[in-house]
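Structure below; questions to follow.
Labels for the chains are A, B, C, D and E, by order of writing; each one numbers its residues from 1.
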Amino acid sequence: MRKLTGRVSKKRGLPPGALVHVGDKKAENAKILVIDYNENNYNICDSEGLAECRSPMEKPSVRWVDIVGIDRVEVVAEAGSVYNLHPLVMEDILNTSQRPKLDDWDGYTFIVLKALHFDEPGGEITAEQVSLVLREDTVISFQEIQGDDFLPIIDRIINNHGRIRKLGADYLLYTIIDSIVDNYFVILERLGDRIESLEDEFLSDPQKDTIHRIHSLKREMIFLRKSVWPLREVISRLERGEGGPFENTTMVYLRDIHDHIVQIIDTVELFRDMLSGILDIYLTSVNNRLNEVMKLLTVITTIFIPISFIAGVYGMNFRFMPETEWRWAYFAVIGLMAAIGLSMFAYFKRKRWI
Amino acid sequence: MRKLTGRVSKKRGLPPGALVHVGDKKAENAKILVIDYNENNYNICDSEGLAECRSPMEKPSVRWVDIVGIDRVEVVAEAGSVYNLHPLVMEDILNTSQRPKLDDWDGYTFIVLKALHFDEPGGEITAEQVSLVLREDTVISFQEIQGDDFLPIIDRIINNHGRIRKLGADYLLYTIIDSIVDNYFVILERLGDRIESLEDEFLSDPQKDTIHRIHSLKREMIFLRKSVWPLREVISRLERGEGGPFENTTMVYLRDIHDHIVQIIDTVELFRDMLSGILDIYLTSVNNRLNEVMKLLTVITTIFIPISFIAGVYGMNFRFMPETEWRWAYFAVIGLMAAIGLSMFAYFKRKRWI
Amino acid sequence: MRKLTGRVSKKRGLPPGALVHVGDKKAENAKILVIDYNENNYNICDSEGLAECRSPMEKPSVRWVDIVGIDRVEVVAEAGSVYNLHPLVMEDILNTSQRPKLDDWDGYTFIVLKALHFDEPGGEITAEQVSLVLREDTVISFQEIQGDDFLPIIDRIINNHGRIRKLGADYLLYTIIDSIVDNYFVILERLGDRIESLEDEFLSDPQKDTIHRIHSLKREMIFLRKSVWPLREVISRLERGEGGPFENTTMVYLRDIHDHIVQIIDTVELFRDMLSGILDIYLTSVNNRLNEVMKLLTVITTIFIPISFIAGVYGMNFRFMPETEWRWAYFAVIGLMAAIGLSMFAYFKRKRWI
Amino acid sequence: MRKLTGRVSKKRGLPPGALVHVGDKKAENAKILVIDYNENNYNICDSEGLAECRSPMEKPSVRWVDIVGIDRVEVVAEAGSVYNLHPLVMEDILNTSQRPKLDDWDGYTFIVLKALHFDEPGGEITAEQVSLVLREDTVISFQEIQGDDFLPIIDRIINNHGRIRKLGADYLLYTIIDSIVDNYFVILERLGDRIESLEDEFLSDPQKDTIHRIHSLKREMIFLRKSVWPLREVISRLERGEGGPFENTTMVYLRDIHDHIVQIIDTVELFRDMLSGILDIYLTSVNNRLNEVMKLLTVITTIFIPISFIAGVYGMNFRFMPETEWRWAYFAVIGLMAAIGLSMFAYFKRKRWI
Amino acid sequence: MRKLTGRVSKKRGLPPGALVHVGDKKAENAKILVIDYNENNYNICDSEGLAECRSPMEKPSVRWVDIVGIDRVEVVAEAGSVYNLHPLVMEDILNTSQRPKLDDWDGYTFIVLKALHFDEPGGEITAEQVSLVLREDTVISFQEIQGDDFLPIIDRIINNHGRIRKLGADYLLYTIIDSIVDNYFVILERLGDRIESLEDEFLSDPQKDTIHRIHSLKREMIFLRKSVWPLREVISRLERGEGGPFENTTMVYLRDIHDHIVQIIDTVELFRDMLSGILDIYLTSVNNRLNEVMKLLTVITTIFIPISFIAGVYGMNFRFMPETEWRWAYFAVIGLMAAIGLSMFAYFKRKRWI
């Protein structure tokens, strides 16, 4: 089961800015991808160190440095010194238990996001921390593992698809955030499907493990919430221009992301409401079933106990029991028992217990 | 059962502004209605393409372009290029999982609303997305299906009823929003009736399916809420003048809509409170009934078990059981049993268990 | 049972400002009372039409036009045209499902309030809509039925009691609002008494209908809340001067009303807290009683089942049952049974089940 | 039991500013204490009327007029006319169902507070209304009954203890408020002790009356809350300078009170959380005990019913029951019963039911 | 068990600023540590009085006065007079039931924090109050007991590790706060581990003491919350510059602490959500188990009661019971019983009760 809290404690006592990786080791090797592009050209350099891809394109262009594998502290440290990042930024990049945030530093903007994925076999959501730095014409992205979220972006750059090659680094930043946020919808749809199937199944035949499935969905919701709520703040601050100079063209796209995030938050709230609705029903149906069980018990007991008592009476061994001598007594008693039993039955029938 | 979330995921990886219809196919054909009117004349053009209705009336007039069937992407695209809409606006028009919102674009205002209807047989609320664009003297409305919400408005234009022909495009926009919001009251009244009948029926005879009816009403409420809450924000922003230049005459009408929406929100909250009140009572009455059942069981058992035991004792086959030889023993024992049973009965009667 | 929502739907499709009465027919006839007064004189005109009372007093004076019976649409329409009210105001006056609000129109102020009364036999709160218009020196009030809320005010005007004859129309407006708000305290005290008697009775002997009484009190609370909450906003806006020019002398009285409303809101919240406290106790006591019942059942069953079994054993008809032949066996078995029964009894006694 | 709402309704219909005492008669006689002091001298005048203590000290000094027994309307009226208080202020002083508030009048400041005490035998909190007026160098305090809250202040004035003689009337006002707020801590500590003893006792042995004790503590909490919450607002407004000109020296003391009130509010919230925690546990333990009871019942029933049935079978009086003739049949059946009983017992033992 | 509220009441009646220690006696002796440092040198003086360490270093330097053992009132009083602290500040330092706060005094800043530790054997969180005063180049810290939180800081000063020796007193203040906040993460991780182990264990085998463990974790959470929530406000105010002149270099570190605190608050909220989730499941599983128990009881009773009745019937001693004479009657009855029993069993099997 996924840990609830990062092991931040191993940094206790160290001075602020100390570079320690907090999180699980995930990647085998660091992998660095440097993409330069402008409206006419593009150039991709794929290596394991920053040094090999230093030479920028001559014409004014956008550079995207994508660093995968932040548990290789030395690679992050190198990028930090090349792009002159503050030690606290470095620390935040390495600490994967950050919450999404935007910090506006002198000359550059630092954004932390959570990219969410479904861990297929178990169906758990996993979060990967993505840190973004926007410095003039350069976007630097730090990922924990190699994912496929960024492939369509690279594709669009190579194929000059859409407006990406015509616009600046701020649009690239937007595109990266957008590709991460788009993925949240995929997660939401999956969760929505699971809630709906739970609900359907549930109305027909409530099972004993339902409560655990509700609980696990709630956990996922809490997890999702933890990633998405602070993101709204991040985008709002970008819209208010706190994340440095965005062009107007990009601004309208930010508003679009903002709408998406609000929609995601709405949906998460909707899911939470539905889950508590399902829980209410579940508890009620558990109680109702108990009622059914008790009714059956009571009906059976109430019908048979009195007539068993009568049988008991005539099973007594007293010498003088006049009725036992009568010829039709046995049949009379059997008839009496049947009458009692049937009238009880009718009574419960009328009360709709059976 | 209605889906909780739109299938936004099929847009994953596409650049922003890509035109993909998200939602169910609903309409057979696109249908376009262009109405030009001023204080003196009006002209209606009904076709399947925009091109055929291009020629505006000579005198300054208001034009209303009503496009039905947004799953015909090419028709929306044509309208977008004719009226010069931003690709993100086009995308939002086509994506029927939008939440209500107002975007203020350069030169035009874009509003997304949800028109709600009762899906008669099942009694579920269905939402249809209505997108509105206000550009100078033109209002463009995009609907998913042909509904009858707009007929009274067309009627008023044709018959020069009310003030609509005397006022501008902003009043037309208001009229359209108003006709949609008015319909919410119809929905509310239906839900109110269902809650009240649930409550009445419920106090007299709580049924086992009550919990499911409560649950389904709660779902409808959540659905309604999702459509109405953001609308308040939309109207507030229009009132604050963020949706472009509204005339003062129209402004007071906006305030009226605002009041309506607040009233709707109040009522939805009221309904929620009532539903949870009903749920509380339901749970309590389930518990109370369990108590009744258990009391009956206990009374029957407690009366008969001791006297059955006595019968059991005298049913033992010991050779030396002096009492069994006595002449009136049988009747004495019967009397004893009756005494025990009756005193138990009296005890429970006094404790008001029966 | 009182309807939760007004039948606003009958206005669907009509243009805004259409004059349709929404609500129950309550009054037989419209009744109009026009009171002119200044520091020295007063003049009362009581009729069924506005026209007959037109002539104002010569000296600068305050005029109060009190119109009872708003289901007579033509009377309201006449007042509207005499005092030049906007069609939307007229619509709001006629629509008795309005929530309390203040609208500041050009030249006059429009206020909607709810006057609350106890419907005596059933003990339900009923709300009557009171609309107030303040235009210069004139206050126009619209009531649904003839109540006695305004009698003390008329009395004070006639008898020149208090400051009312010395101050202007704004003070008259305040006085009317104050008389309505004062009545809320009467409602609150009644509800408070009912809650307290519920609580007292309840701690001594919880009844089965308690839950319904709690539910009905909660309904009243929701109803009260719906009338009072928006009123706070109305008064706040008056205090901020949004309702036109109030004199400083009247201002301090508005602050007084504001304090009253906040106190009412506090008390309603307090009542809600107490009701949920009572509900908690009720549910717990239901559970506790179930426990008592089950304990009794278990004690009886547990004591008698084992000894009944022993009786059953010696009731078997085997030929060779050596014990049955022994002389004191019967008494020994009876003794054994008594020992088992008594030790069980002692066990439960020690466990405090009985 | 203390009333939830004051009997404000007896003022219904009266003009605003009418002097009617709302509350219980508490004091026998009005008692007036006038203390004049400056850095060098002090003078105390103790009487039953204001007139006798009119002569102020010659040198610039602070005057504190303490009026006890506000149900003596005439005394309050006299003070009101001497110090020129607005009729609404007089009304508020007499109405003991006020909530804490600060009103800034022309030339003076009016503050309403609640002094809380423990009513010893029953352990209920009682509230006494204290009204304070600060007018230039004079503080007038109105109390319902003679309490001992103000004794330490008088003591400090007489003995020139602390800074009180050196500072002005605003510091005196602060000191009075502070002495009332300090008393809240005493109340809190008592409630805290009761909650803790409830909790301790509770974890060891939950009793049936626990729910009533929780309920009564909750009531006290609601009561406390009603007195303290509005007080925060009062102090905040004093700090913002809305209560007239406070000297900087006194300002820092106000901040201190503010901190105290926030701490009290925190603690009340903490207590509420703890009480609902205790309630949760209580309900769970009630359920758990029901489970225990039911398990015992089930174990006993399940062990004895099958073997009783066997005994029943061999108690039948058929002529041809071959087993009954066998020599060891009786012992075999007894053995069979023991085997069944013991295996059942073992089964429940393994399932940890016993 | 830790007390919920400090014994503030012993200060009742004393004038504000009276120096009384509120809290448990914790330290044996007061211990004073004075550290002077600048970029080049440092000097440490360790004694039991302030006087012995008076001489500052000549060059402009930072001085840190660390006073341990605030129950020694005289030592605090001495520091107060040396550094000219306001009596209210002194009072707050001594009153260990303060909530975290920041007060901006003339010339110095006063901060109260809570340092949290795990009390190892019982696993309870204990809070120690740390008061900080920043006056120009001096930081004075007051602790209740000698902890090891500050050792790494002293270490860094001695070894000139990190930036601490290069920056001013504001950075020292930050470092102290940071070391306290860092410790909260340790607490959080421990609590997280306990919640997770509770959850794991719980899903497999819910125990009866689970409810108490949930309760105790909730208590810890409330405790944590009480310490952390106000701290956010403290840091926010420092960031807004209310705590005096902080250098820009230190400002970015404050933002870092702010992020940490927000993360802690998020996590506490997450834990609360999880705990209530666990409680929900627990209650449901208790109910489910009751259901299981009742089902077993019902199955056993329902199978055996009818066939025991049959046995009872044929145990009656009537003279004329024709069936008893038939040869195969006994076996027929046994067969009938088996048939009834098995069909009941099959019925319950199909209903999945067993």
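The working rule: a residue touches a chain if its C-beta (ideal position, glycine included) is under 8 Å from a C-beta of that chain, and two chains touch if they have at least 3 such contacts.
All figures in this text were calculated on a predicted structure; none of them were measured in a lab.
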{"item": "Where chain C and chain E overlap in contact partners, by chain label", "value": "D"}
{"item": "Fewest hops from chain A to chain C - one hop per pair of touching chains", "value": "2"}
{"item": "Angle (degrees, nearest 5) of the CA superposition of chain B onto chain C", "value": "70"}
{"item": "Proportion of interface numbers common to chain D and chain E (over half same, under half different)", "value": "different"}
{"item": "Separation of mean Cα positions, chain D and chain C [Å, integer]", "value": "26"}
{"item": "Whole-Å gap separating chain A and chain D, where each centre is the average of the chain's CA atoms", "value": "42"}
{"item": "Residue list for chain B, restricted to those that touch at least two other chains", "value": "287, 290, 294, 297, 301, 305, 308, 312, 315-317, 321"}
{"item": "Overall pattern in which the protein chains touch one another (line/ring/star/complete/other)", "value": "ring"}
{"item": "Footprint of chain E on chain D - complex, ascending", "value": "152, 156, 161-164, 175, 178-179, 182-183, 185-186, 188-189, 192, 195-196, 200, 203, 252-253, 255-256, 259, 262-263, 266-267, 270-271, 273-274, 277, 280-281, 284-285, 287-288, 290-291, 294-295, 297-298, 301-302, 305-306, 308-309, 312-313, 315-321, 353"}
{"item": "Sites on chain D touched by chain C in the complex", "value": "1, 3-5, 7-9, 11-17, 86, 88, 92, 97-99, 101, 103, 105, 208, 211-212, 215, 218-219, 222, 226, 279, 282-283, 286-287, 289-290, 293-294, 296-297, 300-301, 304-305, 307-308, 311-312, 314-317, 321, 323-325, 327-330, 333-334, 337"}
